[in-house]
Amino acid sequence: MHVPKILEIKRIIRESSDVKTLICPWDGKSPVPGQFMMIWDFKDEKPMSVSLIDKTNNEIGISIRKVGPFTSRIHKLREGDKLGLRGPYGRGFTIEGHRILAIGGGVGMAPIAALVEEARARDFEVDVIVAARTYDELLFLDRLEKTGARIFTCTDDGSCGFKGFAIDRLKTLKETYDMAMVCGPEAMMKGIFLELEKRGIPGQFSLERYIKCAMGLCGHCCLDNTGWRVCVEGPVFWSHELKMVKEFGEYKRDATGAIRPLG
Amino acid sequence: MHVPKILEIKRIIRESSDVKTLICPWDGKSPVPGQFMMIWDFKDEKPMSVSLIDKTNNEIGISIRKVGPFTSRIHKLREGDKLGLRGPYGRGFTIEGHRILAIGGGVGMAPIAALVEEARARDFEVDVIVAARTYDELLFLDRLEKTGARIFTCTDDGSCGFKGFAIDRLKTLKETYDMAMVCGPEAMMKGIFLELEKRGIPGQFSLERYIKCAMGLCGHCCLDNTGWRVCVEGPVFWSHELKMVKEFGEYKRDATGAIRPLG
Amino acid sequence: MLDVNLCGVKMRNPTMLAAGVLGITASSLNRVYHHGAGAVVTKSFSLEPNMGYKNPTIVEAPYGLINAMGLSNPGVKSFKKELYKIEDRIPVVASIYGSSPEEFVKVALEVQDIVDMIELNVSCPHAMEGYGATIGQDPQLTFKVVEAVKKACKVPVAAKLTPNVTDIKEIALKAEEAGCDAITLINSLGPAMKIDLKTGKPILSNKFGGLSGPAIKPIAIRCVYEVYEVVEVPLIGVGGITDYKDVVEFLYAGASATQIGSAIFYKGLGVFKRICDDLKVFMKREGFKSINEMVGLAHE
Amino acid sequence: MLDVNLCGVKMRNPTMLAAGVLGITASSLNRVYHHGAGAVVTKSFSLEPNMGYKNPTIVEAPYGLINAMGLSNPGVKSFKKELYKIEDRIPVVASIYGSSPEEFVKVALEVQDIVDMIELNVSCPHAMEGYGATIGQDPQLTFKVVEAVKKACKVPVAAKLTPNVTDIKEIALKAEEAGCDAITLINSLGPAMKIDLKTGKPILSNKFGGLSGPAIKPIAIRCVYEVYEVVEVPLIGVGGITDYKDVVEFLYAGASATQIGSAIFYKGLGVFKRICDDLKVFMKREGFKSINEMVGLAHE
């Protein structure tokens, strides 16, 4: 049944100054990296992607950046507080190919962290570009190191690793990859999409749109011109699909359904 | 789903001057002898016990005596006409014991015929008392003979076999049985019940009451004093149960729920 | 822990047998009590005997049942004999119906000495014109029936309302104004209908019937929640209860007790005991000491 | 064989996308058509943009869904741009709402040249006071809205009615009297409600929402059957359709076409094509040559 499950927060991890990970027990269907959950704080409900999938301990982690009233409320929660979760929803990443490049920008690292852990556990060869504005905001480095993935950090201010954007770091990587998996701000993803196209590397990109029902009905998250629902056919789309998504990197829709150019 | 299945009557067998058997295809749950079906002729719906269970051909037979408006309409139906069936309902006969005595009076032979066929197919030793007012009304003799059961016919007028009631015939049978299974007018069954009690033979008796829902809800078929529902706990009750059924052989209830002494 | 005092009627738990189900004989009502119900409501009965509708009177729907029994009952004279045979310790609610305040009063006066409460069926969605929902869909008629019975009777009186109205709060307020001691919410929903595809015929002989079962629970919960906000009298919640979670949801919405009907089909007669056992575990886990503490919790 | 002419609007089959589902962008409406729908109904839109309610706006119920989206839409000016992007060959019904006859007319006039039909949402059970069901529960308000839009517009107008009234026939007759060309039956049922047991809170941010899905089909069928007996205009049946049998049941009850919404959740977007394929097989087997032959067969 698509009804929020009320769970107690088991642990809270402060990942950076504005990102926290909430760990909850989860005995429902196990998410695939890239899928999302609807999080209800009893005042509002928002989609959040899963950053940690621990099948051994039946736990999942949701990493949330403080950006508005909802996420600020979430950041005030303590261990033992309750949250409502429903999901997992949507299509996640398909882990395929021999050599995989994962790219996460900012809190877009959330699904990428879960992805890298799963891909490495299944013994794929994984390189990760971890991008953020500054050193403090680079997420999940400890977890990533444990997986044995090769890590390329990059920061806008050069405070850690490569100085510059993820796209610039990508351009310096001369390796070939069978597959790239990307999550981050859409402008960043658009640039990476074009670069990957140029190099003939298929990519999977996790998109974010305004989501109300998450059940494929309300239509708020439909993409132009295909009409694909981010909550069902997405949130992860492949490069060959994104070629048909006219609005990718251009605009999204607000709560009324009106078009808003990407900032 | 408890919704009538609309079926075409495949064959109609004239069993006697006032009894017909309608054979219908049935791919639903196979009935147990003694269970009943709700028969809908698109004007009314009544419970009828199953007289033939053919699992090979997925057919069931319902034998109906013409006694009122509903059964008269049923008797006018032809092969190819439609009927609605739902069921099977209730608890049927439990075929147990080494030597079985089956007793059927009038159209009460319907479930007994199905029972004898099943018991003989499973190699039980079965004696049958087939009772009716007169020779023409003795039912299912051909089918019974084919089973190899030992048949004792008895007629009120002596036109075939023993002259007298089933109870009288029973009294002349000196054999011992492990189990008796009985269906017929309630007055007849009451007498047989008392005789079987005297001889220490456990019996199973198929009762008839006014049935509306057949789903254990409406309460019209509840028995005094136990409150057992004929449509769920019955229609077949065991001797030790009937000892607690005060109304057995005494009264039943009409469509309003009012008590009517047995005629 | 599970006991409930409903308008002075003491029940060992908050699960009552709903009207219209297994309530036509004393034996049946006794049996349901011995299967764990906290109280029993009789089948609705009237002044005169009534045969009800022809079969089919019931058909299954997705997660629900559609029925149009047609208020069959042997009439109050005959039914009184049944009432006398119900065990003394069992809290008995007599569900009664009629087509006028006078008829309701006559029936009520006949039985009030032998029952603990009277429930007015002004809500049956498949009743004959002038009966059941025909009354309960009209605030004035509802008022008159409740007022007349209250004036004539000394036992507590509950009005059972139909959800098949534009505004159930309006009817509930009228029933309360007329003096009812409790309100039962809801009678079956609809009417509803099922058409057979092979013949094109409506399956029920009455064509239309009331929908009960899990399908209607979200509507029943809303009715209880909504009415709880406007009336003071206790509410009895009914509609689609099959497990303890449903009972808790009704209590939170504002019901002081609940009734169970269709679940006997879905879960068997053991449903009462099962719900009570599970409810006790839930209450201990969540720290509730009485049913009363849970009533209306969903309201801010 | 499956084609339908609904008030002059030619549809290739009788399965329309229902209002409120996947109807907020042209891309989405085009896609649903390419998945097999015979026509599409837009999400209800209004003069001004509307954010709708906060989440949670949907929760699952037994065999149904409870939603209170809150009529979110970008407003007619913005929505017109979407309408222009819908492929020409697709029959488009614009679902519109407002709080007064004048508002309805303004919205209708903006879009009537670019759609094939207008459906008046006077029935949303979770609308703000003054909108949706608040209108459709009042025969006079319903009359005024329908009359005003009919006078102002040249395209066919359907009134979508709420089942949450004491007598839907009364409302339907008023809508017909006011000149509507078709009646859509039914909007979602209730309102309905779901309370969370751990927190005691109603789950939807709006507390109440409309119930859709298989649970409500028996009510929708009855509404269509009942209204068919009193009005002349064609009916569009909607509520709980998930397979061809449901469509046949609606046609037999009296609907000339049907709408599908929640089934997209239950069965996926392929549901339109699947229903049409199965319907064709059914019609051949039963000897029907057109949809029209099946309409109203359940009536004597």
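Letters are used for the chains, namely A, B, C and D, taken in the order the chains are written, and counting of residues starts over at 1 for each.
Heads up, the rule we're going with is that contacts are C-beta pairs under 8 Å (C-beta built on N, C-alpha and C of every residue); 3 or more make two chains touch, one makes a residue touch a chain.
Chain-to-protein mapping (UniProt): A, B = Dihydroorotate dehydrogenase electron transfer subunit; C, D = Dihydroorotate dehydrogenase.
All of these numbers come straight from a predicted model, not from anything done at the bench.
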Taking each chain's mean CA coordinate, chain B and chain C are separated, in whole Å, by 36
Dist(centroid_CA(chain A), centroid_CA(chain B)) in Å evaluates to 67
Per the C-alpha centroid definition, the whole-Å distance linking chain B and chain D comes out as 51
Where chain D touches two or more other chains simultaneously, the residues are 194, 197, 201
Where chain A touches two or more other chains at once, the residues are none
Contact graph of the chains (line, ring, star, complete, other): line
Chain pairs satisfying touch are A-D, B-C, C-D
Residue positions on chain A within touch of chain D in the complex are 1-4, 6, 38, 40, 42-46, 82, 84, 212-213, 215-220, 222-229, 253-259
Given the complex, residues on chain D that touch chain C span 61-64, 66, 137, 164-167, 189-195, 197, 200-202, 207-208, 211, 214-219, 221-222, 225, 240, 245, 248-249, 252-253, 297-298
Listed in rising order, chain C residues that touch chain B in their complex are 20-32, 43, 49-52, 54-60, 65, 67, 69, 72-75, 78-79, 194, 196-199, 201, 203, 205, 261-262, 264-265
